[in-house]
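Take a look at the structures listed below.
Common to both upcoming complexes is subunit A, partnered first by subunit B, then by subunit C.
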Partner chain A sequence: MTVMRDTVVKSLAKINIQGDENGLIPEYDVLVNQLPAALLNLFSERLMAAAPPERKATVADGLVRAAYECGYHTGCGIITSEAFNDVVLPMVTEGEKDILRGAFAAFTAWGWAKSGIVQLKDGERMVIRANDYYEADSGGDGLRAYMLRGLCQAFFDLTYADPYPNGMDTFVCQQTKGIEAGDPHGEFVVTKK
Partner chain B sequence: MSLKLDFSLDNDTFRHYLNGHAVVMHSHHYLALMTKLAEEFDTIGGPQLLKDVVEESMWAVFNDYVTQNNQSTPLQRCNVGREYYSVYGLGKMKVAGTENGGEVCLIRSHIDEGWIRKWGRHTKPINHFTCGYIAAMFAVAFNKPAKSYTVVETASMAVTGAEGTFIVTLS
Partner chain C sequence: MPNRAERLQVTDTTHFLKGSLSLTNITDLVQFLAASYKSGMIHLTRHPGGVEGKIFFLAGTITNVTTDTLSGLDALSDILNWNQGEFQYNPDVTSIDKNVGLSVQHAIIEAAVLYDHRSEVVKQESTTHTGTTIDVTSDERSTEMETSQRDSTTVLNDLLMIPGIDAVVVVGRDGFVIESAGNSSRINIDELGASLAHASNAIEEMGSELKVNTFQDMFIEYGKAVIMCRPIGDAIAAVIAPDASKLGIIRHKTKKYFEELALLF
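What follows is the complex of A and B.
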């Protein structure tokens, strides 16, 4: 048996996180928040629009970086969590490849993107296709799924780079297609830096 | 908590909703770095831009809730914003004030505590997000449009490690 994506997605999507008595959500070794997606999109859109042309790439890099660090640290907490162990690990038969499949099922279940791996070369290259993601609703020009780029890179680093926390910035992710730019789906390619 | 919470899931897209608004989970790393990014773009108004985005977005959420749930008094309407803050995982606040303004005490803070976890204490207030949030909360509480209140963080948890204070004035 390998990881059955639909089973994992359905199981993990049911998990509901809520604040404690202090209004904080300490989960996965981080403090979690759950904010309106429209707010996050509007921030990216407005900051990109406000930046002068010569600094737009710096804004984009900053948005990707925010998601990358979030994904790297939170992702480690997710793939070592009790929920992930209960749902995904019993299906793992192909080692790292299955952990990564499970991680992208979690990626879908938690509402970041309805996405999956379409090509994978162990430790070298991965192509992700996303058929729905909240950043597709953002305004602006061009490809702008900054959060997804950061998360794809983070999950590949967690799987194939040096063990956490020493594997940061080993791989890089580029977005090659985007629903927000008129493509039928989003596409994200992770390669060695 | 008196806030009604309707969490739902779109079984096709797997997007998550809270009271009809799409919500998504991230960590303190994300908000800390978003805050830092806004600060790095201070010359083009990054911190104010962050405040404005939060105020506009949260005003819409609070206004939808009070309208749909017939919350009519300022106390009821203000409580919506205060309780949502904790539901979002942003922390815990105490609110005092009138239509002319007031004071908000931040007892716990995802953003400040997240910043300290990531980089240690800072030299100046960084919680632009909560300034915008409080402005929206007061505007909806007193049935006013967004941009009706000015909020200044006068004591910062990110600086002192103790409770934060925000002063609210009618613009």
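What follows is the complex of A and C.
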């Protein structure tokens, strides 16, 4: 037995989500917003377009960093949440690998990206593939799934690195393929920094 | 090795089916003749070397197989890998001796399994002799992937070239559909991925309980589809065929591609 994605997705999809008066959803120890994905894409696109050529890499790193911070805290909230304990933990038989499988299933259930683990070398390397993610619809040039990059790194840090805050930035994620760049899927490789 | 027990009732040799092994696949030929419930003998000569082989079948069943040095499933396993030489189909030739006695599909699958095991032994002996052992534990798969020459998309497309395969899918142990290719309109690939993961987990648990080692193959036959799947590294590969008529050849021909995929996942 291992963590079954469909079970996780179906269970989490049943949870009723209600935003507060500001449209924020207090879930996973963070405030999840309901801003449209197109707005987030436009934000990234305009930031990158406004950056001079010599600063584009720095701006891209900043976008990944923002996603990493968000992903680290949200990811921590996910894997310590009541829903995760109820749905995912009973299926965990392969330790950290199953925790990660559950985290990506939860990530898929929330509609952020249809993604999962392709390859995993415990505590050293992980390859993630995403078949559908909102940044695939973004405007701009090259590989630009900043959110997914930051999130993959955050999930791996949470699972294999030291506890917060020392474990942050132990690993780094590179995007190697992207639907937005014409590839059939997005691919993200996490390795030690 | 001449089969002393064969019974010949040949009247006209001009209407025999014959051809070259470089143009005709033996598995296809046997399946074709069996599908029409023919009885007879295929006489084969392998090049180079001039090794001779005979496959006798009776109404869809392979009854007897021999080569110069082998007999039974060992001989069939050997013959299925001949790709140079000639064959001739002789109708109405039967063998009194029986050393196989399986349906054509079953015999081909058993022969393919035998071939797999034999190849595995040869590989192990080879690595023992050369002293170059490849560690294929899960922790080392990433390293092997880096040395692979072809990506998974290319391998999946090659699998689709095998006659009888409609679609191919690679699924993670958690049911995540890593990659798919081909015409899968009859089947929801996401549902298939989830179902395969559940099924393979259950089968692995069963194997573990029964202490019969890890599972190697799974065949599921439905009215409108046949699904064959096999573990590849930390994932599961499945091929979908419209019917079971080519299952033997599919199993035989997919083997090397599955091995290639196992290095990638």
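Methods note: the second predicted complex is superposed on the first by the 187 of 193 C-alpha atoms of A that agree within 3 Å, B and C clash if a C-alpha of one lies under 4 Å from a C-alpha of the other, contacts with A are read in each partner's own complex, and residues count from 1 in each chain.
The definition used in the following text is that a residue touches a chain if its C-beta (ideal position, glycine included) is under 8 Å from a C-beta of that chain, and two chains touch if they have at least 3 such contacts.
The shown structure was predicted, so the numbers you read here are calculated from the model rather than taken from an experiment.
> Between subunit B and subunit C, whom does A:Met168 touch in the aligned arrangement: first, second, both, or neither?
neither
> Go through the superposed model and pick first if A:Ala105 touches only subunit B, second if only subunit C, both, or neither.
second
> Based on the superposed arrangement, let me know which partner A:Lys121 touches: subunit B (first), subunit C (second), both, or neither?
second
> More residues of subunit A in touch with subunit C or with subunit B?
Tallying touched residues of subunit A, the top partner is B.
> Given the touch rule stated above, what does A:Thr2 touch, subunit B (first), subunit C (second), both, or neither?
A:Thr2: touches subunit C, not subunit B.
> Quick one: classify A:Gly19 as touching subunit B (first), subunit C (second), both or neither.
First partner only.
> Is A:Pro184 in contact with subunit B, with subunit C, with both, or with neither (first, second, both, neither)?
The answer is second: A:Pro184 touches subunit C but not subunit B.
> Going by the contact rule set out at the top, does A:Asp132 touch subunit B (first), subunit C (second), both, or neither?
So A:Asp132 only meets subunit B here.
> Quick one: in the complex, what on subunit C touches subunit A?
For this pair, the touching residues of subunit C are 139, 141-142, 145, 153, 172-179, 190, 194, 197-198, 201, 205, 233-235, 264-265.
> Mind listing the subunit A positions that touch subunit C in their complex?
Within the complex, subunit A touches subunit C at residues 1-6, 98, 101, 104-105, 115-122, 124-125, 127, 129, 131, 184-185.
> Applying the document's contact rule, which stretches of subunit A touch subunit B when the two form their complex?
9, 13-14, 16-19, 22-25, 28, 30-40, 42-43, 46-47, 50-52, 55, 59, 62-63, 65-67, 69-70, 73-74, 108-112, 114, 132, 134
> Tell me, which parts of subunit B touch subunit A in their complex?
Of all residues in subunit B, those touching subunit A are 7, 9, 12-16, 18, 21-31, 33-34, 37-38, 40-41, 44-46, 49-50, 52-54, 56-58, 60-61, 85-93, 107-108, 110, 113-114, 117.
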